[in-house]
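I've put the structures underneath this note.
Shared chain: chain A. Partners: chain B in the first complex, chain C in the second.
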Partner chain A sequence: MKLVTAIIKPHKVDDVKDALKAAGLHGMTVDEVKGFGRQGGKTEIYRGAEYVVDLLPKVKIETVVPDDIADQVADIIVNAARTGKIGDGKVWISPVEKIIRIRTGELGDEAV
Partner chain B sequence: MIASEINTGDTAWMLISTGLVLFMTPGLAFFYGGMVRAKNVLGMLMQNFFAMGLMAIIWVTIAFSLAFGNFGDGGFIGNLDFAWMRNITATTGNEAFALSIPFVLFCAYQMTFAVITPALITGATADRFKFKAYGIFIALWLVLVYAPVAHWVFGGGWLAKLGALDFAGGAVVHINAGAAALAVIIVLGKRKGWPREGMHPHNLPFTLLGTGILWFGWFGFNAGSALGANGIAATALMNTFLAASAGMLGWLLFERIKDGKPTTLGAASGAVAGLVAITPCAGFVGGMAPIIIGFLAGVLCVLAIQLKFKFGYDDSLDVIGVHLVGGLIGALLLGFFADAAVNPLVEHEGLFMGGDAKLLWFQFVASVVTMVFSFVVSFIIAKAIDKTIGMRVTEEEENEGLDYSQHAETAYSFGSTGSMDRI
Partner chain C sequence: MTPKLDRKALLDDSSNRGVSFCTLLSDKVDTWMRELWTNAGGPESGAALVAVGGYGRAELSPGSDIDVYLIHDPKRDVGALAESIWYPIWDEGVKLGHAVRSVKETLSLASDDLDTATAILSVRHLAGDQRLSEELSTKGRDLWQKRSKRWLDEMDVRVRARHLESGEVAFLLEPDLKNGRGGLRDVHAIGWAQLAGVPLLPGDHDAIAEAYEVVLSARVELQRRTGRHSDILLLEEQDAVAAALGFDDADVFMRALSTAARTIAWVSDELWFRVRSLLDGPSRRKLRRDEEALVGVVLRDGCVALAAGAEPANDPYLVLRVAVTAARNDARIERSTLDRLVESKPLATPWSEEARRLFVELFLAGRPAVEVVETLDQRGLWEPIFPEWSVIRCRPQRNAYHRFTIDRHLSEAAANSAALVDRVDRPDLLVVGTLLHDIGKGRPGDHTDVGVELIAEIAPRMGFDADDTLILQQMCRHHLLLPDTATRRDLSDDGTISFVAESVGTLTCLRLLDALTEADSLATGTAAWGSWKEELVGVLVDRVAHVLSGGSVADATDGGFPTQHQRDLLAQRRRIIEAVDDQIVVISPDRPGLFSRVAGVLSLNGLTVLEAAAHSAENQMALEQFRVQSNFDSEIPWDRVIRDLEKALDGRLALAARLEERSKTYRRPRRLPGLVTHPEVIVDNHLSHDATVLEVRAPDGVGVLWRITRALHELDLDITSAKIQTIGTDAVDSFYVRDSEGRKITDHDYLGEIRRSLLYSLERASSN
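Up next is the complex of A and B:
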């Protein structure tokens, strides 16, 4: 089992979700997060006082998948989330030791 | 102000105006509440709402009498003729005051001014004023600062006799509250982390909603100050509208040129700056004057709010930059635009209306005296409270926010995780 984690632009969530669904993926978890990478921050102005907002809103997607399709899932996310502009985010894959479906107690691939 | 017979039209308008001005205080609460951080929004709303409670009671027990007793004496303070609601009824008083409305309504109308004026200060002191100290401060302030200044100007006191004009409270309300705000924040000190830390508004929609309510209520504030349903009230209403509009445009134009983008907070601030500046002028000017006054206020106030960064005082929501400076602009510009054709009460016309510099001098004296008196007495009250019970919340309470530390509440709780169990 692998955990595929992606940090993407918030407005790309639906594209990624639709692409994963179309590929037959069964589930994902989405979180609204903040962070910074090479994009840096942005500037907001309130009554003439400028504020640098260096932590920008992003969306984190997590999904656990069988080993053999992890690369494919990552590719789907990369393609769906890409705008070509700075700040598109990252995807990484990490190993998962164990997974249990709470309702049935199923383990491993059956639980994904 | 000539007839002492009660007029139903005048009375109807003043009943409505009283409601309009009262509504400005919740409007102000939301105007300010949107600008503070989420952990302090209830603290801000509470300070404003609390003024509607405490100021009203103090007004009828003593402050109204100190402001309006000895009406027209040319002096410094009223008397106790109307203390404890004595002689304040629907049938007493209106003859002595030459009112065409019931005297009790006059008292109620003025009460709404006594509510909002101390509430204006809360914008400067945001996020750090201990609630108990705030309550004591505004109680003393209403009696020791507001009542005398109101007597000088509205109660026929020495500034009114001198010849200074203030239609609806440029000096009594805005310069007065602005100077007090400066004194209080000097005693209170800066918010922790200011100016390095970003303390940007948590809910600008609230601020715009509050601005709309203020603009709406200001028709009662200014047109109501005619104390009747007449031509001067109508002129004041038109002037109020135009100054707010021009103030908004002035602020936005400046922002667009300097910062690149016209902001919603700028639109709200500009409208309020225009409203503040037209307040002393509303029933004394006409024609294009309100547009010039409002526009200048919009541009000069956006410049004035930068001063706090230069001088290092934390006027959190720009009460000094908007109300003190806006009030001064209005009070002084009246010396240029006052027009006897608009209102026969104008004895000395403004410089641009063919008059001499007399009125401008009176306006200058009234503004400076109000500013100095308010600053000094407010400073003494604030210092005295600070030495005894302390003006400021503790550092821990400040970090936690006023909502929880002062009122044991939280403004926003979303979602179901971590819900509360009753104990």
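Up next is the complex of A and C:
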């Protein structure tokens, strides 16, 4: 199994959710987070004072998926979340050792 | 095709350094910016791209941000233009500081925000409408000058806050080259102050330009190597940076850096002092007449100056009188006075009583003396008084233990000693002895021996008689005796106290060494003094004083261990563990390895052992007493410790495994250099009458004490007392040991095995 994690712009959450659902995914975790990347949180047009608080609100989406569709899921997120403007975010994939469904005790792919 | 920036060739060409590198890099970036502008369809009028801040000064280090503004006429929509310029820069991975504003918006921000105000002081046109750039530049400077008082006030505050936070470039082991005191930012601030109307005095400009080149070159090489934005000259980079700049080694380089930083710091201090005076203005300064201080010296408006008619060429004492006045009043010395004092007639040698008295008075003034010495040294007025200073000037002691360069350490120590003069009969010897105690450093050989030799010349030159010279030499020779003995030796041991008493010789000397110990330690670093050390030195001094006053050694060392209460507990013949405050006593059937088990459990619970003592009673019971300190600045969790101890004593605790786990968790990622490079074992069979003294030095870590004591137990050695000390990152542990029959170890082979076993266990510890 793989954990697909995405940091995206808050206003894109619904687009990403809908796209993942349409692809057949039925589980994810969504979190409100803060962060910044290379541009330091600023936009193209920036008028404020020199030093700025560079932590912008973002949304983190996490979902555990079988290995064979991890790349596909990442692509779906990328396409749904992209605006083309600075601050779009990132997606990454990491391995998952073990997963258990709490209610039933199922393991592995059945628990996904 | 978007234009790219190619810095590689420039970065790789090591012949470009310092200011010239920064200019070349800035030129390259300029070209790139202009290409981007043209590519984005940047207009000739109505909008302009300007460089600001450091980039505006055409000064780009390898890790520097590029700071630019897109200035535009308010009516013009420049959104798309901005995008076409910023995106390629972001995509290139270059760190960009940007803003899009009209001239009016920028000035409005600059009128209230110091950082914007200073950024636009170095506005430089890159592309587009030159008119707009010039408008911003001119109006920015006008605005700066209009609000100069407010900005100077705020900058003064900021400079001091920044120094406090970032430390000193001249002294830190890993200085912050930009923000530290004596660093690049200080020079920028001086430049801004000049634009606000505060002039530099003659000679200052060249002095800081030269120093700036040294610090900037260091920063350029540092960032070339790390590829990052950081300005902190890490220890592991210092060798490479030194080599790149053509220095023989890192010590020579750091000395040059320290010298440059001291110059910048001094000129900066002088300037901000003048700013303060300017700001405080005539309403604060009453137009007073000059206040006569000492002969030929006056206080004028809070500064020290030469009186009318004072002639340095005829009066050799003027320098010292000026210095003493400045120190006593914590006042600065007028620049014109410093300039005139250069013509001073040299002091006749040997010094007269007057000269000696003034010299001592300088340091008796306490803290302010440090700054006065710095001022005199910066102006070349100190060396004629004290020629040996040149060897130790700005000489770094590059380890985690020593905070200052040698020269500064000595002036700090001497200033510290002023507060302790009530402990001694001879304040003059205290102050001078403290000033000279490390004078032998920076020369080949043992610094104590070299110091004693140098004092044989210096003291008579200063007019001290033969007896006084001997005392000063004693102070130098034994300046580490008290702290070393107190922290590494058993103060209840007759031999120890006798040894110190014989070395010191007289009560006068003892008192002087006591005060010197404290003054020296306080001027060394945070690890060098504390209540534990102070207490131990106090005990040692008391006991030695008792002996030197004619008392018996036995009386002095009757420390009463074990106490009657402890003897009663021993008689009960059962396991007892008592913990009170920072001491724990463990009574248990005597068996090998007891000491090390307790040491291990203490380490497992995050406790550092400071000292320990052990006693074996005739009824086969043993008592071990440990004094500890929590590593985490919290209350000692005795309940948990005692639980673990019970298990360990029953043999139901896997100490080795648990300590190994713990040491992995608490492993320090970076090792700052200590004084100890490799583990060492020193055997002393002369000091104590009853036991062999083993001194073990090694890099500190979790479980080191446990390993050492386990190695000792492996060889059936009985530990009767121990002093455990951590100096910075080193452990210096001393053990008084006896063999299983209660005797000193004199057998050569046996000692060899002990050494072997200890070194083996220490090598294993450091490889974890």
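A few comments on the model shown:
Keep this in mind: the second predicted complex is superposed on the first by the 102 of 112 C-alpha atoms of A that agree within 3 Å, B and C clash if a C-alpha of one lies under 4 Å from a C-alpha of the other, contacts with A are read in each partner's own complex, and residues count from 1 in each chain.
Rule of thumb we're sticking to: a residue touches a chain if its C-beta (ideal position, glycine included) is under 8 Å from a C-beta of that chain, and two chains touch if they have at least 3 such contacts.
From a predicted model like this one, the values you see are computed outputs, not experimental measurements.
By the touch criterion defined above, A:86 reaches chain C but does not reach chain B. By the document's definition of touching, of the two partners only chain C reaches A:38; chain B does not.
Residue contacts after overlaying the shared chain place A:47 against chain B and chain C alike.
The intersection of chain A residues touching chain B with those touching chain C, taken from the two complexes, comprises 44-51. Within the complex, the chain A residues that touch chain C are 38-40, 42, 44-51, 86.
Chain contact summary for the complex, chain A toward chain B: residues 44-53. Per the touch definition, chain C reaches chain A in the complex via residues 78-79, 82-83, 86-87, 90, 93, 95-101, 105, 109, 113, 115-116, 119. For chain B in complex with chain A, the touching residues are 195, 198, 200-201, 255, 258-261, 263, 265-266, 269, 302, 305-306, 309, 318.
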